[in-house]
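The structure is given below, and queries will be raised subsequently.
As written, the chains take the letters A, B, C and D, and residue 1 is the first residue of each chain.
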Amino acid sequence: MTANIVITSQQLDDMIVAIAAQIAENRDLLNQLDSALGDGDHGTSISTAFSSAAEQVKQLEDAQPADILKTTASVVMNRMGGASGALFGTLFMKAALTAKDKTTLTKSDMDALWQAGLDGVKSRGKSDVGDKTMIDALSPAVQAFCGAQDFGSGWQSAAEAAQRGAKSTKTMIAKHGRAKFISERAIGHQDAGATSITLMFEAIYAYWKTLEGQD
Amino acid sequence: MSSRKQKLINDPSALLADMLTGFSAAYADVVRLTDNGLIVRRQPKPQGKVGLVIGNGSGHEPAMIGLVGEGLFDVNIPGEIFTAPGPERIVEGIRAADHGAGVLVCVSHHAGDLMNAEMALELCEMEDIENVDMVILYDDISSAPKGNEPERRGTAGLFFVWKMVGAFAETSDDLSACKAMAEKIRDNTRTLAMALTSCASPVTGEIMFEIADDEMEIGMGVHGEMGMGRQKIVSAEETIDLMLPPIIDDLPFKADDEVLVMLNNSGSMTLMELFILYKRVAEILQEKGIRVYKSWIGPYATTQEMAGFALSLCKVDDELKHLWDAPANGAYLKQL
Amino acid sequence: MSSRKQKLINDPSALLADMLTGFSAAYADVVRLTDNGLIVRRQPKPQGKVGLVIGNGSGHEPAMIGLVGEGLFDVNIPGEIFTAPGPERIVEGIRAADHGAGVLVCVSHHAGDLMNAEMALELCEMEDIENVDMVILYDDISSAPKGNEPERRGTAGLFFVWKMVGAFAETSDDLSACKAMAEKIRDNTRTLAMALTSCASPVTGEIMFEIADDEMEIGMGVHGEMGMGRQKIVSAEETIDLMLPPIIDDLPFKADDEVLVMLNNSGSMTLMELFILYKRVAEILQEKGIRVYKSWIGPYATTQEMAGFALSLCKVDDELKHLWDAPANGAYLKQL
Amino acid sequence: MTANIVITSQQLDDMIVAIAAQIAENRDLLNQLDSALGDGDHGTSISTAFSSAAEQVKQLEDAQPADILKTTASVVMNRMGGASGALFGTLFMKAALTAKDKTTLTKSDMDALWQAGLDGVKSRGKSDVGDKTMIDALSPAVQAFCGAQDFGSGWQSAAEAAQRGAKSTKTMIAKHGRAKFISERAIGHQDAGATSITLMFEAIYAYWKTLEGQD
């Protein structure tokens, strides 16, 4: 088992498809989490958005990584709408801008993509770690990924860090989104957006393991 | 309190399309549904006047599709249920509302509405669409303390803004004056809402939040966001006695002020109850020497079939009274 | 389907008084509450025109208090919840509506409304109040078979009568012509209603009738009277496919007829659902070549917070279209 | 125990008070019956109406029987409203007209009063025996009363006949009132108005027994 050195457009495509599948599978769970803290639609809207992103991405021809990421961003932003459409859209849009003109993505390219995405989400949402949002999963995951030597250990530690981060939102009071209005009553509930981020990294990691198994 | 979960719909994924088709067919004399899913006026505003646009999550009908028309909005960009539309759709709405004197994008302050409007304005810049501005509107006193008004969320009281800035934009060619007018009305408006029951999401079919049969919540948001806390249901008079004084104190509204009053039905309150509630509102205002100019009681911004209401006050001067009395002809807001 | 039992009221025995006080305070520019509990126009109709009166049980708000005003009723005599007012009160209403050209008492056909109106007319005779007549109105096809129309009950479709006979009486000095006009509109109108949930009586606090969560009833009356039968809830399209054809066949409405369409919210339906339902109504009418002149969708005659709707069609000719478009200014019915 | 020969104004007063009390006690039952067939308000509206009739009647001074009956009629008609206000009002109004100028009421006076009341209700309601209304109790009760020799046996047999008549409505399909719209589904439920009529006769009979006990 050797680590892949770069990510190709085909692999990026597959990752989007894997994310869409993982999120679709957990749609009801995400709705449930969002109904404790928000309006109960996160699962439906994010799964619809990623499913159509996956469809669109599959139809691209001769796509560069940036095209794939930009298509994902645009579909998520405009199909999903709402706060999370803007935020998940921004994540992919900033990544797309960073991937501009690259034909494949190295590990350090990928570090930069995630870092740009995270910064974009933070400034769009005017939020940071500890606010009980997707950032509580995204930020530690990006940090863990960037701290790893290769993709394999990067995806694994990112998935684990996202998982821990999402769980940590249970004890937080929300400072953003619809959940902020319920203050103390938010305690005990895990943030839906942070859970989606976790599912995203888990899907990528699971896909990566199948790749590594292949070679 | 219990809520029905079953709704009379077709495919839940076609909710928005079905609703817009039905609405625009029923009110074809007032509005038109465009191919890209915008609700626009049947008779566009003349050239040279400021365009007025809002994008918002659906599920609050008659808001906001019912407010497109003469003396009101030029264009509404309805998003999916309780979900603000994405930036590209907002840009399409801005283009449709442009009559050569700029476009004001109204934002009812919620995270999604705001972020997407910001992104839309960034897109406008990139695409060289000029003379576009946005105004962030809020009124709900339960969502942030006095002093932090800009953190408050936008709720039913914004109907005062829609009506009056709509009248203003009808004859104005000055985008910044429109924005200033919207801010003036916003800064004169305060709202507090409550609910007795939950409601079901038409998308998931699930109840949106839990509330016991004998409980009510004061400070309820327009998407079932929880408010200041639960308590046992009390009488109509006691409910108003809990809700009106904090509204009055927040602005504050003072003796000899003239106000507009709104009791917005969030869904399945009866008008009978709202009239009974209004009786107490009128009593307290009279005691305080606050004079009512006009009142609105009915379903303006709903949260599906949630049983509850929002109480809003807006302080008016002669300029605002004039705008209030100006004609309006939306499908669900008519002023003769 | 479940209903909330708790309402925001004060003393249940003061329901009517509280409600009328609140309503008349909120809409003081349009109506006035008299000492004897009548809702009358703020600006009375000029002398020499026919007066238009209706007495009815309350609990159906905005009907009928919201329909007093220019181009509509002169006087409404609101009874207790779901209870027609007694004959002496109706006579008081007749006196208040008399502007020297006679008074037409409109009766929405229900046993109590009819008997009390008859007794009121007997009292008028005894007291030498002259030039008073009544007209019995009905529209609900589920309540008696074709051929027995006069046995049918009066439901939401009568709003077509109120609007258009109101416009007619505004300029008419001929009582019998007003009555004939009311009968013409009635004979052109057909309604069928349905409900998904029950509602609670605000007087007793008890649920008015039982209906299972997954059931609906077609043919529901405006007081929760049961209709043609129960069935499982179906989709919006299937519901209209069940309800519209019998309405069309009953008159019958034919290709090239022009019609008014009403979808009346009986309480806690969402407008979203009504727009989705309307989409199918418009499709079927188009298939049949029946042309829609104008449509009304919203809460007109409610049954407390019952979730359900009534679908009404009224065939119009040029005379009726003209009356339809005439101005109206009731608190809850405005025509520009 | 001897039978009273005439009914005085005072006794008529007492009867109205007794009826009001009996109906008030059974308010919830009457509401319940009406909610199976109608709109569930019969108990509330008839008890409110008779309570204020009893109040008004007590305040009359030097009243003749016709005054007492007319006051009852007018209060019931105008306070109660609805179909049953009109019908119960008509019952007392026709009785009042028949009692005109009498200072006391003999048994045969009373026969005539009830007969006039029954006819009035029938023509006002355009209904007859078998239509599942108050007439199914009122008609046999009046017949039984008129067939009896004296007040004592008259009230007793009227109360019993009303009771039987009210019970018989269970198996009927309604032809009038709100209940007619539910056709077969009305079967099994007893009519509320017929039950009120029964309570009325039972109250009078119970009051009469206390009178007979006294002399």
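In this section, contacts are C-beta pairs under 8 Å (C-beta built on N, C-alpha and C of every residue); 3 or more make two chains touch, one makes a residue touch a chain.
Here the structure is a predicted model, which means the values were calculated and not measured.
> On the document's contact criterion, could you list the chains that touch chain A and likewise touch chain D?
Chains touching both chain A and chain D: none.
> Considering only chains other than chain B, in their present positions, which groups are joined through touching?
Leaving out chain B yields the groups A | C, D.
> How many angstrom lie between the CA centroids of chain A and chain B, rounded to a whole number?
So the centre of chain A lies 33 Å away from the centre of chain B.
> If you average the CA atoms of chain B and of chain C, how many Å lie between those two points?
Their C-alpha centroids are separated by 29 Å.
> Can you compute the centre-to-centre distance for chain B and chain D, using the mean CA position of each chain? Integer Å is fine.
55
> What are the residues of chain B that contact at least two other chains?
In chain B, nothing touches at least two other chains.
> Give the residues of chain A touching no fewer than two other chains, as numbers and ranges.
Residues: none.
> Which of the residues in chain A end up touching chain B in this complex?
Listed in rising order, the residues are 31, 35, 38-41, 43-45, 48, 74, 77-87, 89-90, 124-125, 176-178, 181-182, 185.
> What does chain C use to touch chain B in their complex?
My answer: residues 1-10, 15, 18-23, 25-27, 29, 58-59, 61-62, 66, 196-197, 202, 213-214, 233, 235-237, 239, 261, 267-280, 282, 292, 294-295, 297-299, 302, 304-305, 307, 327, 329, 332, 334-336.
> Applying the document's contact rule, which stretches of chain C touch chain D when the two form their complex?
Per the touch definition, chain C meets chain D at residues 13, 57, 79-89, 110-112, 115-116, 118-119, 142-143, 153, 201, 203-204, 206-209, 219, 221, 223-227.
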